[in-house]
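One chain, chain A, appears in both complexes that follow, with chain B as partner in the first and chain C in the second.
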Partner chain A sequence: MKDIFITPFVDMFAAPDFLLQVLWEGLVSGILYALIALGFVLIFRSSRIFNFAQGIMVVFAALTLVGFHAMGVPAWTSVALTLGVMLALAVSIERVVLRPLVGQPDIILFMATIGITLFLIGFGEIIFGGENKVMITEELGIPTDSWVLEPWGGLLILEQKDVTAVIAAAMLVVGLLAFLNYTRMGRAIRALGDDSQAALSVGISLQTIWVLVWFIAGIIALVTGIAWGARAGVSFALEVIAYKALPVLMLGGLESITGAIIGGLMIGMLEKLFEIYWGQPLLGGNTETWFAFMLALVVLLFRPQGLFGEKIIERV
Partner chain B sequence: MKHFTTLAAAAVIACSGVAAAAESLYVPNLSYRTGPFASTGIPLMNGQRDYMEMLNARDGGIGGVKIDFEECETGYSTEKGVECYEKTKGEAIVTQPWSTGITLQVLPKTNVDEIPILAPGYGFSPMADGKTFQWAFNAPSGYWDGADMIVQYLESQGSLEGKKIAFLHLDHPYGKEPLPILEALAEQKGFELLPIPVGLKEMQNQSAQWLQIRRERPDNVVMWGWGAMNAGAITEAVKTKYPMENFIGVWWSGQDADLRLVGEDGAGYKSISWSFPDNDAPVMAAIKEHVVDTGKSLSNESEMGGVFYQRGIVMSMVLAEGIRTAQEEYGTPMINASQLRWGLENLDITEERLAELGMTGMVAPFSTSCADHTGHSGGWMLQWNGSSFEKVSDHLSPDVASYADLAASKASEYAEANAPWAVNESCDSAS
Partner chain C sequence: MLDQSQGYVTADGRQIGGVLMEMKDITLRFGGVTAIKDISFDIHEGEIRAIIGPNGAGKSSMLNVISGFYTPQEGEVWYKGAPRPAMKPYEVARMGVARTFQNIALFEGMTVLDNVMTGRLNHMKAGILAQAIWWGKARDEEIANREHVERVIDFLEIQSIRKTPVGRLPYGLKKRVELARALAAEPSLLLLDEPMAGMNVEEKEDMSRFILDVNDEFGTTIALIEHDMGVVMDLSDRVVVMDYGKKIGDGTPDEVRNDQTVIDAYLGVPQE
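And then the complex of A and B:
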């Protein structure tokens, strides 16, 4: 019992610099989980589609960016061209996959996104190959040095690219919230999520909104791909990180942007704290593979709609 | 588009292979060019494939019979690997499972189906015991050889008594494979072993594992990584400022492309290896002439100069030599699986033979026998100098005798657990 309730806290107090490092690493992971979850939430809110393809969109966007640059295109032009590709992808998905399935049960649309995932994996591997590629971090002007701080005489290493990722993610979230709350198109997205029939009756175009949300999900995928790719390269292995967004969605609720952000940060930091202070000393480590799901399950026991999801009341 | 073109070329070549299958030896490769492990799989598969293509183009195959080297894509998934085995076993004279997880799954099947498994440098280490595993081969070196050579190398730098060695490994049968020998060596040499598993979903986000390394301050980190895990670990090591010269990987964690991600910052990182690339080797010139220049290769110049591509060449050489040995013994070019088993069991890769093959220095000489299905070629410690790997040790040989009892006991445990298990009573004893 001492090892569970006393030793971890003594360790935290004894090495506060290390605790700060753990929290920082958790924050960086968490914000990237939150970004992936945001892509899921946006599409679910506006179309009730659980987009299984969000993970592969991260890989596809990052590979496209690196691919353009490898062809000699300047870095920021590559970003613009990649955004163009993500827009084309959004239009194609709406025209070819989603439009013919309007009115079909949710599970059919979900299955369609699995199809999109498989297509993007195969198409991506044909075009880009399966090799690990170097993200064009420096070419994009992202600093790659690190700040070495010595709080309480200890050591705290802050990678500048991680700091950049956190700032970029925060700006993206703020921009997204502003777009959803203060623009006509943003309000249309929210209206479609609140009551699709009512939204359609006042002239909101389902097709336009679907293209828009898939494009925004593509932008989020690109930012996430750059941030993750800067850490350990760009490869199809990035796709598996998307599965870490699932407990974030369970925790935060499928429809809540706030939930995705807070859920991502909570899971990122709590799984890191648990792994370092309880998992590694007591359970042999590698608890990050299941901790987030356990946490989400516990939350679901008490709040089936997630921490920030809307409580559904059905009258009979 | 280059990839599209090369894949289209591969499809055409594969189709032509089917047409020629009747007059060829079918040697399927359970490859993975897709998925999270593709980055490490592709150069190896390309090297394997190009060597066989070269033999077909230059010599008309082996013993005058073309080699039908077909790939079955597994994505490193054990389930798909077993499907590929079942799909290909009908005409195959060998199976190359390409994952320790798949090897463990097909191992009992091959003992019944009587098809040799060829797993060069991977798989279940006690497969060295040819008496128990009469259909399995992991020449020229097994994982226990690798672990022993790494510990030997570390000991040559100073006593290991009281030291702490972290064992960073993929949480997968492959990653856990050397644990028994490392635990035994820790007890024998007096060092503390700290196993640190990395889950498949954490391969590119190893901050927790490297925070543990920072907290525990191990004297050395030994890595059994694969696929995206290698790049993830090396970038985290650079980030946490772990001394790279104290960081050693197994041969599957020594790929040029993973180190290029960190470039100069990775200088000092080491990897034990049973193969060494030599761009000036005659075999490379032959591959260039007969495969690359004729547009049959799926590789590229940068990849071809790397450790993994050229290791793939050595792997196919082991199979080709097994086929040639069997053809000579049985006096027929169209050998069957059982005859190839004999060939793989009687490999004799001498310096002279390596010179004839144009592969001097690319692998150390080794030989197999009825009792020894590994050969234990040993290898070299390679070090990343910021742009490529270079040798930093003389030839290292594993102390096989020191873990022969452990290998025999694990082999015997396996046979008992999978009883009834047919053994080769004609072998004298385990290696």
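And then the complex of A and C:
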């Protein structure tokens, strides 16, 4: 009992600099979980599709970026080209998958996104090969040094690429919120999420909005892919982190942008805290693979609608 | 009936314009069900045109054909003197046709103001970036749109709930917000599907007044569906009567009221 309820907290207070380090690591992972969840939420809100492919889109975007660069294309030109590819992907998905299936039951559309996932894996392996690649972090001008701080006379190491990732993610989120709240297209996306009939009646084109949200999801995927790739390399194993978006969504709700962000940060930080203070000393570590799912299940026991949802999620 | 294609003068002395929209031999089927059977009628500029008939007569289907939600198997829709190709609802909306729904379709999560603002979507042209950073043309546009929306809100007397999320409003007010959103688009044709259904007497009177005022002040052409003969007689200039997908009457309220086929169709049909 003492090991569970007392020792961890004593440790936290004894070395607050280390606690900060743990929280920071958790925040960095969390913000990336949040980004992936955000991609899910946008697509779900505007088309009621649970996009299973969001995770693989992260891998695909990162592979495409590295692939272009390997062909001798300058780094930022590769970014532009990758964005072009993500746009083409959005257009193709709308044409080939969504448009013919519109009006079908949700489960069919969900299956279709599994189809997209399998296609992207196969297609990606043919083009880029299956082996692990290195993200072009320095080529993109992302600093790779560390800042060493000494809070309370202790030690806190901030990797500059993580700081960059957090700043980039924050900017992306702020930009996205401004876009959703203050532009015509943004209003149209929110409207479509609320009531598609009404949206049609005020002149909103389903097709245009779908292409737009899948493209935004693609942009989010690229940013996530760069940030995560910089930490862990680029391979299909990256996809595993995308599954962390599931508990984030269970906590934050499928339709809430705020929920996705807060849920992502919470899970990122809590799983890190748990791993360091409980998992490693008591359970032999490696709890990060399952902790998020267990946390989500426990929360759902008490709040079936998730932390922020007002209504029960019934559509999935 | 006299030739009205050049317009006519109503019983209360209003001058009505030429034909704005004409339905020609429209047939609409859902599998085995024929919702509309070979119906033709026209809507003149500036008039209030009612479509009435018992439940399941095909009234909503007709409105859905006009607004592009349903595509008829046969027949043509003429708009402003030319046949309209098959169009998606959003394309019809962009041509100046706004509508409300029988089962209110609002953006429940948004405020009244935001809902009404979506009615202005087609009046916003500035680039995405300019809009996001509230700059230049985007800013002027947004201000102009806000002003128009505020006028509509004042007109429909919903100032006090501008910032309320629509999901929290009672039914009668929701109907009014839906009308506001449609009006915000400055439509040349306004389609109302049972705007008074489910309302109490007082709310019905308010809604009737708003409909008449909209037509009067903005000259908006209105096509509305009502279940209830009585309300329609007070509001409309001309009436189409439908029953089992067929048109069984077409004329002024007085003509329709005294038509034996129409009377028969309504006999034994419980009215709300």
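Here, the second predicted complex is superposed on the first by the 310 of 316 C-alpha atoms of A that agree within 3 Å, B and C clash if a C-alpha of one lies under 4 Å from a C-alpha of the other, contacts with A are read in each partner's own complex, and residues count from 1 in each chain.
The rule we apply is simple: a residue touches a chain if its C-beta (ideal position, glycine included) is under 8 Å from a C-beta of that chain, and two chains touch if they have at least 3 such contacts.
Since the model is a prediction, treat every value here as computed from it, not as a measurement.
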Overlay on chain A: chain C relative to chain B, clash or fit: fit
A:Ala198 touches, of chain B and chain C: first, second, both or neither? second
Angular separation of chain B and chain C about chain A, which is computed from CA centres of the superposed model and rounded to the nearest 10 °: 140
Chain B versus chain C as contact partner of A:Gly175, first or second or both or neither: second
First (chain B), second (chain C), both or neither touched by A:Val240: first
First, second, both or neither for A:Ala232, with chain B first and chain C second: first
Touching partner for A:Arg190 - first (chain B), second (chain C), both, neither: second
Touched chain A residues, chain B compared with chain C: B
First, second, both or neither for A:Phe18, with chain B first and chain C second: first
First, second, both or neither for A:Asn286, with chain B first and chain C second: first
Nearest-approach distance, in Å, of chain C Cα atoms to those of chain B in the combined model: 35
For the chain B and chain A complex, residues of the former touching the latter: 1, 3-4, 7, 33-39, 41-43, 171, 195-205, 207-209, 211-212, 214-215, 227-228, 231-232, 235-236, 239-241, 257-258, 260-261, 303
Chain A residues touching chain B - in the complex, by the definition given at the top: 15, 18, 21-22, 25, 28-29, 121, 125-132, 134, 146, 157, 159, 228, 231-233, 235-241, 243-244, 272, 275-276, 280, 284-286, 288-289
Contacting residues of chain C [partner chain A, same complex]: 67, 69, 88-90, 93-94, 98-99, 101, 105-110, 114, 117-119, 121-122, 124, 126, 128, 131-134, 181-182, 185
Of all residues in chain A, those that touch chain C in their complex: 175, 178-179, 182-188, 190-191, 193-195, 197-206
